[in-house]
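In the two complexes that follow, chain A is the common piece, with chain B as its partner first and chain C second.
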Partner chain A sequence: MGIFGNFLKKFLKSLFKKKGEIKLGLYGPPNGGKTTLANKISMDWLGEEVGIVSGIAHETREIQIKEQITIKSKGKELTFNLVDTPGIATKIDYEDFLKAGIKEKEAKTRAKEATKGVIDAIKWLDDMDAVVIVLDGTKDPYSQVNITIIGNLEARKIPVLIVANKIDLKKADIKKVQAAFPQYDVIGISAKYGKNIEDFYEALFKITNQ
Partner chain B sequence: MLTLQFIPYGELSSLSSEKKIQKLLRIVREDKIVLLEGKLGINEKSELIRKTMEEIDDKFKGIEIEDLDLEKKDKAFFEKIRTIFINFILGSRKGMTIIGPASIIKEIKKDPDKIQLFTEDTKKKKKK
Partner chain C sequence: MPHQCVRCGKLYEDASEEILKGCSCGAKMFYFIRKEKLKQIQEQQEKEKLTLQEKEEIEKEVYDLIGDNIDMDKPVILDIESIEILKPGKYQLDLVKLFKAKEPLIYKLEDGKYMVDIVESFKKMGRKAK
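And then the complex of A and B:
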């Protein structure tokens, strides 16, 4: 769909949207901590988890949605549907799953599911109202995957918040992430330990214009 | 043996995005590393990732991709913004893109004015 088509789709969608139907997407490369953050948000406000977290890349291979999450901060309320997406990558090697101790048949199935997950995540970009890009703060932010996701959102005029996750780790470097994407708000958090999570919730109000 | 295939901008500029991506993937699937004059548009990049995912199987593991800007840094501000926006959407003749099979390229690092390409077999550093 062309850029004009995207604008038209967004305009029509906004005309018929009901209150509380904001789709907030969590996007990023594999193992950045998207599901850990989704679980943190959902546990904080609904008391239930969204998905399984593991150290093996591509653990999330399907779009996972948690509907009607309402967050509150400083007298304000924001209700959204949280969309946790599979990590976007340019390569998926089933042998990486073998190295993680998974049997060959299962490894090949996982790889196939992971490729489908990436395709779905890209497809869903058009449907998002706002997106949180979850990056591993210990890794190099200048990757083509990151640039491609953020560039696509920019072209579609979808508001973006960048999260540099894993700031509990010594190697994390928020300044490097800020330097890579100077035009965006970057918030350093630890989704695992809840560090700086209040600032993150506050930033969600800003990107959703609430 | 490592094979590099240079593709001048003119060879792809007349093709539709779909044909462009098909051609790039066909070359990469022949275990060649593509040196493309110019940069892909942002929609073309996501389409390249999508198409790559469709083609991944036991033998083809995907791609590594990186691009480099060759824009003059002393351009007037508004001219620079205009150029960036147009190039971002449509792609650009200026710059260079490297695309290769993930089974051969271990990693591409951008520094950000140079590209370092690490191959899977030799792990020797190549620079462009």
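And then the complex of A and C:
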């Protein structure tokens, strides 16, 4: 499909899009806290969780969707389908899971599923109307994964909000994340403890043009 | 000889009958090897030899990764591109290439660095088979 075709597709998509069909994707490297944030959002507004959270990377290996989440802030309302995605990585090694105490057979299966998860997450990217990149605020933001994801979102003209998660930890450095991606809004939160979550919700209205 | 059996490592010339019918060892999955990469792959093979069991595991992993829409009886050609399976359970992903593809067609396997271009391969195989 050419440029015109893409434009037509987007135009038709927006024309027939019903209220509440905004797809909001949570993307990022493994263990950044995507599912923790998805759970926080879903708990706050639906009263139920999205997925399991663990300290071992690649806990989420399948796309998980929570439909029709409506958030309210300052008299405004925003309804979206929340898409929690598997962490995107350049290298998946079952030996890393062995170190976390998982048995060999299970570790290899986990590695395979995680690889498939990366492919699925990337496949879904084109369907997103807006994306929240969830980064571990204690880690170096200048990674190949982060830069590749953000660059591809930019190329696809998908609105992006960057979240520097885990600001409850001393090592977290929001300024470093902001310095790495100066052209984007960066919000520091703790998804686990709900710190600064109001600002995050407010920012969602902005990236979804509501 | 741009095709190599995933299971036994035997090399076949382009358009060999075995690529359509399956390798003499019974496997029906092949790597497509670019000519310029062939030497590099052979050198790599010398360095890190995989056991037959590992090769079989990798073959199974690729089938699992490709998904359900694969006819196990038809040959599959693997191209060298975006996902590399170094050993069973060890994957290396080329994100730039994965993001580029509309559909990530290409998975990568053992013996160094290989990937699968399923859809295109099947189309080509289908045409050749007729």
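Going forward, the second predicted complex is superposed on the first by the 201 of 210 C-alpha atoms of A that agree within 3 Å, B and C clash if a C-alpha of one lies under 4 Å from a C-alpha of the other, contacts with A are read in each partner's own complex, and residues count from 1 in each chain.
Everything below uses one rule, namely that a residue touches a chain if its C-beta (ideal position, glycine included) is under 8 Å from a C-beta of that chain, and two chains touch if they have at least 3 such contacts.
Predicted, not measured: the structure shown is a model, and the values here were computed from it.
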Touched partner set for A:118, first chain B, second chain C, both or neither: both
Partner chain in contact with A:92 - chain B first, chain C second, else both or neither: both
Partner chain(s) touched by A:108 [first = chain B, second = chain C, both, neither]: both
First (chain B), second (chain C), both or neither touched by A:152: both
Touching partner for A:140 - first (chain B), second (chain C), both, neither: first
Residues of chain A at both interfaces, chain B in one complex, chain C in the other: 88-94, 108, 111, 115-116, 118-119, 122, 125, 144-145, 148-149, 152
Complex interface listing, chain A residues touching chain C: 88-95, 107-108, 111-112, 114-116, 118-119, 122-123, 125, 144-145, 148-149, 152
Chain C residues touching chain A - in the complex, by the definition given at the top: 57, 61, 64-65, 83, 88-96, 98-99, 103-104
Interfacial residue positions of chain A with respect to chain B in the complex: 3, 88-94, 108, 111, 115-116, 118-119, 122, 125, 140, 142, 144-145, 147-149, 151-152, 154-155
Parts of chain B lying in touch with chain A, wherever the complex brings them together: 42-43, 45-46, 49-50, 52-54, 56, 58, 61-67, 88-89, 102-103, 109-110, 112
